[in-house]
Amino acid sequence: MGYAFKPMWISLRTLIRTSIAGGKPNTLLYPEEKMELADDFRGELGLVMDRCVGCESCARICPNKCLNMMLDDAGNGIMKWMPALDLAQCMFCGLCVEVCPSTALHMTNNYETATKDRFEKIFLPHEWAIKPEEAPDQRPFPYPELYEINCTGCGACDRACPHDVIDMVSIPGTAKRRPNGTLGPEKKLPMFNYELCVSCALCVDACPFDALDMLPRTTTASDPVVRVEEVTSV
Amino acid sequence: MYSISNTIATAILNALHINYPLLDYLLTWVIASIALLIIIVINVIVLIYVERKELGRFMDRRGPFVVGPAGVFQNFADMFKFLIKEMILPENADGLGFNSTLVIIVASSLLIVAVVPEAPYFFYTNPDLGLLLAFAIFAIEPFAVVIAGWASNNKYSLLGGFRSTAQMMSYEVPLLITVISVALVAGTFNFSSIVTFQEKHVWLVGPLFIGFIVFLIAIVAEIERIPFDTPDAEAELVHGWMTEYAGVKFALFQLTSYVRSFAGAAIMVLLFLGGWEGPFLPAIVWFYIKVYAVFTLFVWVRGSLPRVRIDQVLNIGWRSLLPLALINIVIAALFKMSGVI
Amino acid sequence: MAGIPTIVARREERDYSTLGLSEGRPPEELASAIKNKFQIDVKVKPRRRLDAGKIPREKLLEFCTFLKEELSFEHATCVAGNDLRRSFEVIYHLSSYSNRCMIQFRVELPRDDPSVDSISYLWGGANWHERETYDMYGIIFKNHPKLERVLMPEGTDFFPFRKDFKLLDHWKIDWEYKGKRPPPQPMIGEKPRDANG
Amino acid sequence: MAEMWINMGPQHPFTHGLWTLRVKVDGETIVDAEPIIGYLHRGFEKLCENRTYPQIIPICDRLCYVAAMSWDHVYVSAVENMLDLEVPLRAEYIRVIALEIQRIASHLVWLSSFMTDLGNLTAFLYAMREREMFIDLLQALCGARMTYNYPRIGGLSQDMPRDFPQQCLKILDLFERRLKEYEYLIEESEVFRIRTQGVGYLSPSDAINLGVTGPALRGSGVPVDLRKTDPYSAYPDFDFEVCVEKDCDVYARYRVRINEMYESCKIIRQALKKMPPGPVLGKVPHHYPKGEGYARTEDPRGEAFFYVQGDGTDRPYRVKIRSPIFVTVSAAPKMLKGYKVADVPSIMGSLDMCLGESDR
């Protein structure tokens, strides 16, 4: 039994450190003191209605199907498609925030989301809206970018695009001569009219050869909802 | 305590103009018993609070701090919670055994405190053979526990009851031998006389240090605290023999375990640490300071050590403590024969 | 107390303290050894991975015994079932500590007779994987020591991972009338276990 | 006394999780044991068949909330193997750091639950206190405390914050001091030693044959650590030792885990020192081929294995998970037979049970 003294010394040292020698215990007095959170802590979701372009990317990526597109008043009398949220099913993975092209979704630092009834946590789009100041993490819009090497000019992206952004254009001088001497068809490549693009990434999903990727652009396109100047000034 | 309550009883009877000596006698004991109960309950509540706070600091946390200032009313909150719980008698349990053990265990634990004096003139009763009486009462509990374990009709309870009995039996032996050595040196079985002897000569923790250590370990096993809380080891037996008890019954068992802790600490103070002896302060204050210091030692051990396995508990009891206790009694005899103290 | 087993710390004949410390035999050598014995083309992939493709199910036990005894594949990493709609397959991943490599092979089973030899007697670690595969796909492992349900409750009469198994209709949120949901579906009843075995 | 069966669980203080251990006891001695699992079965593999590949990553967090990062990583590397994808070197290094922090945090949870089983609540609170620091580090990396969703197919979701290395080194220094304190508190105690030494004997040949992996295997004296024997990610770049103990008992498994925490600290320091610049997410294909891929890694509990079979759509056709605890718990009767009922918490506690991953 002689070796019980070292552990007793350790716990005695803790007692001295926490009560007598001026230290304080490790406990966080919860309702008064709060945990320090990182800036990108993933708490309750918030929607900036002004920025939402209704692209449905969030509803497509959500693993739990807790986002659903609905028509709602955006606060200024305009009805538009925006996601409704069932926070009771949300698992705070943050994938929707990551894919949102217009940074309309933001995870706030609020983690105290308990309610008595889980149905209180089903929100229509305007019910979970936050102000744009509360979501400062704006990043440049991603736009589809072409990897020419992979592209075969099949036009799948053109057919998938909901906003007529993509036009398939023939590239002069790319036609190959057939064995019988006639010229074949010229190679087609997609051209993007970024003015119309809402960054929904449907074309990227549609491309069978991985020739498209969403990459951030700051300069080429004017932003459909938020002007580029505002983005850079924030 | 007897004289105070006697005064009160006489005053009440005088005020009512009643003059029956027997009534006076009975009323005195009733008042003294109620006073004892109040003292025990207050002590237990303070003990639980002290344990929670101290254990918290040993573990680098705060202990209770929400209910009342610094959490002093947490125990009352817990008690109310137990009070509003349903009292469950398990199906197929033996009702008589299940409930009667509660009475036996609570009453026997209160009785231990009743025979322990707290100051020269502040005691419930102080019989000449108080020491033996206290340990005789200590030994009642195992029987009740084994009945409780059997009556609950639960395998965990049954195992816990067996363990409790085995542990109590094996630690009674070194405990009693150590106690006998104290009585041998002091020449009496009366608690007050033992303390008076220590006032005259020396605190017995000095000459009988081995006995002190044996007594400390054995008393921790006897009151079933960590590291010797195998009968209600929550990791393997859910709550040992207390598994099936719920609500008020469970709360009473928990309080009883603290009553026994208090009694154990008090006996240790009386036998080895000079009782209520001490300078400047009144005797009763010294007594309580020492009792709480010993209790802090129990808490400290609980905060530092893991639980011992049941067969190892028995091994320690028979193989280490018993020889040490025998050595101790030889030392005591040598001291007595040589006439040093 | 005669029935209580006593604990005897048996000394090991083999020294395991150097197992896995050396590279062992190269995977190409193992592949050619398999090829010589079973005429199976084994692809060698980067990071010491082998792929033996399909093994006929009659030869499985012989093949596995060869792997364990001759090529020292000590460890059964995984046994996975798979439903190919027309047939079933069982995918085996075995790994070798001493040669630091891993082999994958599969056995295809007809849908009307999904049974294959158990490898639990070779590798005790495959025991529960086979039980799970039986549990989820209904593939029978012959000579398995205890082929019972492991994850699903006893008495379940379906095999949930088969592709033709239909889930109950998952409740959906009625976004127009939020808060009103259909009541939860009843669970599948379980027979209570007997406490005394 | 006649033999009787005791059902320990599913509601029992020693089952960290939801499972049952049925033990047949003769007095206090165990003569037979049978683990029963499945109470937490969520049909994970079937669930994956109805999710797209990126959607599976957050669900992998739910396999085991104590070591969520390593499950994310093993899934992601299985898909990367399927796609033959190169991961940027910086991403690999940060992954290694995150994995090792996760390993320490997981071992600390094990330590706390193990010591609670043995009846010492002090070590529980100390270990939880230190775990909090590592959870904070992981939160700084990825924004969540337990369910990280940090790795992506082909890299990571975001780079580490700028002050992360300083913060990390500070915490590691403090932690190594505290780890010494644990050794004083726990293993210098005679009571702990008699509870663990010579208990739960598992011979090396049995351990290998029964598929036991991880610290339990290394506690039986077999020096197999997939970070060394089958190197993945950036582990070949780092210098660390495989922790082995030869006693084959609970104490050996405890020592292996404590030593692994020291080794993890070493790896994190080296990775922070050698950290290369560059992006953390490369070009990722948006189309998944028809094919299969698998990966195995050294989870804090053992060998974690993910098999992914794709059929050319955006969802996997079949996902199979090999959870280390699923196999280890099947070897439990071998360790339990012949010991006392009071040894059950200490033996099963030394295996670091996690039911989320074994029931899936």
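Order of writing sets the chain letters: A, B, C and D. Residues in each chain are counted from 1.
Please note the rule applied: a residue touches a chain if its C-beta (ideal position, glycine included) is under 8 Å from a C-beta of that chain, and two chains touch if they have at least 3 such contacts.
What you are looking at is a predicted structure, and each value in this text was computed from that prediction instead of being measured.
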Selected pair, greater C-beta contact count between A-B and C-D: C-D
Chain closest to the middle [Cα centroid of all protein chains]: D
Cα-centroid distance, subunit C relative to subunit D, in whole angstrom: 21
Inter-chain centre distance, subunit A versus subunit C - centres from mean C-alpha coordinates, in Å: 39
Length of the line joining the C-alpha centres of subunit A and subunit B, rounded to whole Å: 64
Subunit B and subunit D: spacing of chain centres that average the CA atoms, whole Å: 45
Overlap residues in subunit C, where contacts from two or more other chains coincide: none
Interface hub residues of subunit A, defined as touching at least two other chains: 1, 4, 7, 10-11, 26
Subunit D: positions in contact with at least two other chains: 4, 122, 125, 129, 185, 189, 191
Residue ranges of subunit B touching subunit A (in the complex, touch as defined): 54, 56-62, 65, 217, 300-301, 303-305, 316, 320
Contact footprint of subunit A on subunit D as seen in their complex: 51-52, 54-59, 61-62, 122, 125, 129, 136, 139-140, 143-144, 147, 149, 157-158, 161, 181, 184-186, 188-191, 193, 283, 285-287, 314
Subunit B to subunit D touching residues, read off their complex: 55, 58-61, 155-156, 159, 226-227, 229-230, 233-238, 303-312
Subunit D-facing residues of subunit C, complex: 1, 3-7, 9-10, 12, 14, 16-21, 47-48, 74-78, 80, 82-83, 91, 93, 95, 97, 100, 102, 104, 123-129, 132, 136, 149-153, 160-161, 193, 195-197
Contact set on subunit A toward subunit D in their complex: 1-4, 6-7, 9-11, 26, 36-38, 40-42, 61-63, 91-95, 98, 107, 204-205, 207-210, 212-213
